[in-house]
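Please read through the structure below; I'll follow up with questions.
In order of appearance the chains are A, B, C, D and E, and numbering begins at 1 in each one.
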Amino acid sequence: MTLLELSGLEKHFPVRGGFPIRRQIGSVHAVDGVDLTVHAGQTLGLVGESGCGKSTTGRLAARLLEPTAGRIVYDGRDISHASRRAMKPIRSEIQMIFQDPYSSLNPRHTVGAIIRGPMDINDLHPKGGREARVRELLEIVGLNPEHVNRFPHEFSGGQRQRIGIARALALEPRLIVADEPVSALDVSIQAQVVNLLGRLQRELGIAFLFIAHDLAVVRHFSQRVAVMYLGRIVEIGDRSSLYERPRHPYTHALLSAVPEVAVNGGGRERIRLTGDVPSPIDPPSGCRFRTRCWRAQEKCALTTPPLTRLPGNREDHLTACHFPV
Amino acid sequence: MFLQVSDLTVDFRTEDGVVHAVDELSFEVERGSTLGVVGESGSGKSVTSMAVLGLHDPRTSELSGRVVFEGQELLGAPRTTMERLRGNRIAMIFQDPLTSLSPFHTVGAQIAEVYRRHRGASRSAAWERAIVMLDRVGIPQAKARVEDYPHQFSGGMRQRATIAMALVCDPGLLIADEPTTALDVTVQAQILDLLRELQEQSGTAIILITHDLGVVAAAAHHVLVMYAGRAVERGTVREVLREPRHPYTWGLLGSMPTLRRPVTEELRPVRGAPPSLINVPRGCPFHPRCDFVELPGPQVCTGERPELSPPRGHGDACYLTLKQKREVAP
Amino acid sequence: NQGAPPQGTSSQAAPSAAASYSAPKISVGTAEDSRGPAIEPEGVVRGGTVTMIDRDDFSHLDPAQIYVNTEANFGLLIHRGLTGYKRVAKGEYKLVGDLATDAGTASDGGKTWSFTLKDGVKWQDGTPITSADVKWTIERMFAPFITQGPTYIQQWLTQEDHRAAYEGPYGGKDLDAIETPDDKTVVFRFKAPHADANYAFAMAGYGIVPKAKDTREQYDKQPVSSGPYIIKSHVVDKSYELARNPHWDAATDPIRGAYPDVWKLEFGQESLQITDRLVADAGADQQAFTFYALTPPERLQQVLSDQSLASRRMISPSPYGNYYYFNLDRVKDIKIRQAINHAWPSKQIQQIAGGPQAAALPTTILNENTTIGYESYDLFGKTAKPEGDIEKAKQLLAGSSDPTPTIVYAYNQTPLQERITVAIKNALEKAGITVVTKPMDRKTYYDSIGLVDNDFDLYWAGWGADWASGSTVLPVIFGPVADGAPNYSHLDDPALKAEMQKIAEMPDFDAQNAAWMRLDKKIQETITPLVVAENRIATMLHGSKVGGAEIDPQQWIVSPNTIFVKP
Amino acid sequence: MTIPTATLDATAVTPMPQAVGRSPGQLMWLRFKRDRAGVGAAVIVLFFFLVAILAPVISLVYGKDPYTLYGQENPGLLNDFGYPVGANGGVSAEFWFGVEPGLGRDVFAQLVYGIRTSLLIAVVATVLTSLLGVVLGIVAGYAGGRVDSVIGRVIDIVLSFPAVLFTIAFMPVVENLFVRPDEQTPVWLRAVTLVIVLSAFGWAGLARLLRGQVLTLREREFVEAARVTGASPARVVFRELLPNLWTPILIQSTLLLPALVTAEAALSFLGVGMIEPIPDWGRMFLRGTEVYQNDITYLVFPGVALLVFVIAFNLLGDSVRDAFDPKIKR
Amino acid sequence: MLRFAVRRTIATAVTLVIISAVTFFLFFALPSDPALLACGKVCPPELLALVRRNLGLDQPVMAQFVAWLAGIFAGRDYPGLGYCPAPCLGYSFVNRAPVFETIMDRLPVTLSLTVGAAVIFLTFGVATGILAALRQGRPLDKIASVASLIGASVQIYFVGTLALYFLVYQGKLLPSPSYVPLTENPLGWAAGLLLPWVVLAIIFTANYTRMTRSTMVENLSEDYVRTARAKGLPARTVVLRFALRGTLIPIITIFGVDLGTLIGGAIITETTFGLQGLGRLSVRAVTYSDLPTLMATVLVAAGAIVVMNAVVDALYAVIDPRVRLT
């Protein structure tokens, strides 16, 4: 069942400049035509290199940003341009977990205040009162409920991320946009948090849009995975299909760049990309990956490959490439 | 031995107490080989590398032990000696390519400066050298980019520039402190390849510091696993990754998600949080988070602190017997 | 005149009985006295550069605009007039002819005055000064752009509203009342007798202006010199440099010594700093002195008790009158006015101003120093009880229309006046008077109290005689009641007016002065329109290499005429 | 949907051992307490406040008030020049700090009452300035766009406006505006005018600082976290941002206060401070610089009092800043 | 760079016009009538009207402001007073001179005072700041911080008065402060201004010492400084070429403000030392309701601050290549 659907979603940030009067002279095509769907109770992983527009997509999905174009349909309702008031009933259903466990918690609020905040704002009266609910949530995420009156700085990174998770859970959301929730954490703590999220999903049936740049982590937590490059989805598919039979050269490159613990793993073909991600202000024409793609041909520059199912792929495995691997 | 560190201890005096960042750490590096140092955040990896270069502020830190490089004792060596060695025989690459380059000077100037300082080269010769180095680390159109400022470089290019800067005097030892942590996977792969290439060309010894066992597997010959400022396991890459012996190494390996591990399986994190370095747990510092303290008996793990054994080859600091380890190892 | 804006204090002074100063002797000199050169001070040396330090630059250089003593004093260096005061000895002056051969000849009972110009008097360009220039000088003073200078001669020649009678020479019309029978003679015909007209001509305001070089408004910036110096450079509000005028001949000038070759004037220093500099007497400051920077009360003790300064000290009581005027429109009961006079804390104010050596406590309206034939009286027992007689004041109040009156006291808000106000309030309140103190903005102080329809009961103002006679004091401060006019009491009494008119026209100068003195007492006795305030005694210093420095007791400023520089 | 409770092992994570419950305020207090200079300064500042509050009591016990002209009423205290007769400015058992030259008031009583004036004006102006600065700074920073540029312009203009000239010119005008000509100018009017002038020109600096702070805070993820739960802009500003601005606000105001005390003294110097007979340090100090050659005592007492006061306050401000700034190690 | 210059010039001009307008209209609200002051003691109404007309005071305020503004660029004619050529800031009836002349006369004094003091307090402040940072926690650091605290707390009129008394009048160690044009006598220039410079420096140095120290401490722990040390560069180079560079930004920020304010006129300093600079000119202008002079000093004061801000912004880009000038 589709819970959230993004179609043709675009977000352009204005670039100001010009002379002598400053005006908009261009725009950052942070998100430039993204189509993806999140199924209820499932996780969609979103990976890609830094700056490719993952966070922007996540913010759009949580309606923290207003899309430039395209549609955001949540649970059958178009919320692309919904006002704050119109969003009110849905607000509690879409929550967010942030990348930085340090800056995402207000250093001047106690843990209790942080977790209770969303309930205050949305005027929720859970059974047993908010205080009890806060304690309950702390317990759920594996923190000592006695710590409600402490401040964020008294917690380690992993514990803080749990506080962030508890805050997101406070409104009993159906969808959580998790923007790189584990990137800032140490490996051992990262594993704790990933396990926690997995359990929450299983037990509470929450859907996740899980943003990360680490393909291995995404693989562990997502049923479906989308690969993003320069504002577009280049490949999206079921976990096993995508990891085992990636079709887009970029997905290939990403996967082969992940260092493996297994010594002399062998067998894996190693693809080394050269050069950098082009500027999102002036993205390449046609297929955006063509400037770094070893398979690129003339056609790639002329037409933009559509995100389609390639022959030999499973039904929901879509790829945007003219010359797939 | 090329570089021999023995019983290195680094303490920091802070407001809250003395931080025992590194505690009687010993290791060695052979000419032309790579030593991977792994451990979670705060385990003392960076402090160790900075100690080798003598970069700690003597007002807040206290160092003891021995650091012998090419037969020369570095701990307590006069400042001028250290200044002559740094950037010349021993070079360092830092974790964050954005902040470790001076934003105020051109990339070329920062590279050329090292060359002039240590080789007494002329301005133009040093500049030429900078271009050559940038070219060597794979910066396209090095001639044109040499006059750019760091902020005009992308993250990957900046890290290449720091590598160029480190290698400009053909150092015997390169300390790379998490050189790829801040970078994307594709760039990380490029950088690791580059380091390997350069090592093959000039036979530089490398200390590669990271918390990513995958990186170590890809780039190191030997591994040193650190926990709370101490070495808990040491050996060749194959030994440590294939047959890890210390429960902490197990934990590290277990918490790393990989592309191969079956997805149905949950990750096996090390439980708990890293220890305080001010009140390091008595005995084995890992015992509060260790699942196997009961096996050798709790008094044992909290009592005397375990040493690396055996002293050479694949060693670990744990009271479990090899047999016990084989039984409980995941 | 009202004197220059006071420095370091806003109160000005008259002599005290205790002080050992005698009032200056002023008499009219003969033609012989009017010959140059000036009498040399002892040990005079010619040449050198002298420096004068002061706070404010002069607002006017056009003689016709000069009324303030500082400007008049500076005018001595560049302007000459028909008559002037010649220093004969210390404290002794003679009114002599300056450009004129003598102090003038009156005829027609004082209605006609004639002067003859000396030979060899020249402008700075070498052209001779003629009677036409003198006539022109007076005529141009009728022009509308002349706003500041004295008006006596103009009024005497025409009428009280002299501008209405004649619009000045620029339209081509001349004034018949001035005759120039030849190049050397000039005759003034007044409407009424004025026995003291030769004193009036000694005012700097009647310094002459060359007819050929008159630039009207611009003349105020670049005057033509007839005196011993010419202005070499002038930076507004900052400095002057004067060099010798080659066409000035000492033999024609009985007044100006003009000993230094170069004058440097420096402005912008507060009197405190000037005093400190002169006390220090370091480097170039040894050749420095000040025209008008009185030693402020804060430095008096030091300056007066330091014996090493004795030779460089100049002391002179103020020739001005300082008064706290009652607004007669508001304080109508004479008993209250007299009660306040009795309660007045003169001694306290004196102490705040720096003590008996800084301020005298006069009891009369007319100033001892500038009144020929001065006689003292003490109506309010100030000599016996300078600190005020509260009991007497209470008695008077008890018998008045309002035993607990409220008095609105307006004052010029300077630090010193603030402190004086504290003492006044303190004293009057002891007598049962409620004092409302109103600090006024310095720059609009005179404007505010000058309004006839003001809301204050009591306020300070000063006035000084323009020459040594009551005729330039009483008829002025009790003159017409108008906005901006110096009759701050709003005393408007026809009988008094008539009496003053009568005295002014008395042909005998001495009799006139005696009459002014009697009127002074009568006014205080019968009307009590003011409280006579403390009068400051100036103490000034000069550098150790400055000679001949002396305070002109009439102008209350160091005269440039006798200054010389020791090598 | 119900959430099952206690599905997780709550002990999976052990709390960090050194994390004892301390709020930022408590932390600040702890750091502050350790700063001996700061505590000393705080004690002095407190002392000044106490003296200000207890001025009437002190005056009663001391037996003198700041208004009576003792020197003029009792002959023998002041000499002919108005200077105290006794040595050291007339310091005696009766007049602890001597007698004022000229008017002969009691210096001690004046100083004690003078604190009231200085403190009152400075405190009120500080509060007003901070309020204005905080409101405008936060609004500019948070609203951004046009509002920001308008406020930014106003800030620029206020900062480049010649405030002192303005004050000198308008102090009398304002007074004439509010007081009927035949009424006593109330004491508070001058004080109020001073406060208004000082605040009107003082807020811009703080606003600019806070605007910058808000700009960075706005980008912090906790603001987004609040917005994602549906928080209104008002809530974001007051509940999320404001608490984070207390530190700069507090630091600024503790440093602003002494600056205002000196500013008030400087205005007195230029003749637009408090008028006689209200005891005022600025004016006493100014008078001191005039009479110091004969009566240095009269300069020393107000001078030293003002100096100690301002130094103590600045020191306190510095200490508060240090206490709030974990980066500064002492 | 050129774009920046043009854009900032426009912005500066706009700001200055606004400030001028505010000043103009505010001071028009003053009760004292400039014409009355110009007119003199005895001032009949017709004469007053004449003065008004000559000074242009009979025009509506707005027209007067426009005339004043236009005069700056086109010059202005005053009937009865003559023509005031192009940078005409008006004609002062108090000084009886074109304001521009007076300003140009005072400016060298103020500039000499400012620049000399600035050189002292900048070099001295930064040097002690660096030393304090390097000797963090040592006696020198403590001394520097105590000294700077005291420096920041004292008043110019306090230090100035005492310095004058002890060094000039009593000690006779220094000549009494005065201004001699630099071109005339460089030594006399320096000697005459030495005391004001030093006194100003005492008060300003403090700020720089503190600022330099704290930013320096921060910068010394920057990664790139560590890199520089790891490169084997001598300590001196590390400090001066790397750590100091980042410290310069906050320093020039406050330096710009200080310089701007000082050029606008160090009122109290000039009063204390009897120097004839813009500060005293402005106070005098206020005291005498000399609107044209006042406007001009305000313009110079505000202009100095605004221009210094622009210069500082431009310097940011010179110091830090990351800063883009727009």
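Everything below uses one rule, namely that a residue touches a chain if its C-beta (ideal position, glycine included) is under 8 Å from a C-beta of that chain, and two chains touch if they have at least 3 such contacts.
Computed from a predicted model, the values in this text were never measured in an experiment.
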Chain hops separating subunit B from subunit A, counting only touching neighbours: 1
Geometric centre: closest chain by C-alpha means: E
Selected pair, greater C-beta contact count between B-E and C-D: C-D
Distance from subunit C to subunit B - Cα centre to Cα centre, in angstrom: 92
Subunit B and subunit D: spacing of chain centres that average the CA atoms, whole Å: 51
Chain centre separation (subunit C, subunit E; CA means) in Å: 40
Where subunit C touches two or more other chains, by residue: 276, 441-442, 444
Set of subunit E residues in contact with two or more other chains: 31, 137, 165, 287
For subunit D, residues contacting two or more additional chains: 12-13, 15-16, 173, 176, 286, 293
Contact set on subunit C toward subunit D in their complex: 272, 276, 296-302, 304, 345, 347-348, 351-358, 387, 408, 413-415, 418-419, 421-423, 425-426, 436-442, 444, 454-456
Touch list for subunit D against partner subunit E, complex: 153, 156-157, 159-162, 164-166, 168-170, 173, 176, 258, 262, 265-266, 269-270, 285-286, 289, 292-293, 303, 306-307, 310-311, 314-315, 318, 327-328, 330
Touch list for subunit B against partner subunit A, complex: 40-41, 140, 154-157, 184-186, 188-190, 192-193, 211-215, 217-219, 237-238, 241-242, 251-261, 263, 266-271, 273-274
Subunit C contact footprint on subunit D (complex, rising order): 69, 71-72, 78-83, 101-104, 172-173, 175-176, 180-185, 271, 275-277, 283, 286-287, 290-291, 293-294
Contact set on subunit E toward subunit C in their complex: 31-32, 36-37, 39-44, 46-47, 50, 80-82, 94-97, 101-102, 105-106, 164-165, 168-170, 172, 175-176, 271, 274-276, 280-281, 284, 287-289
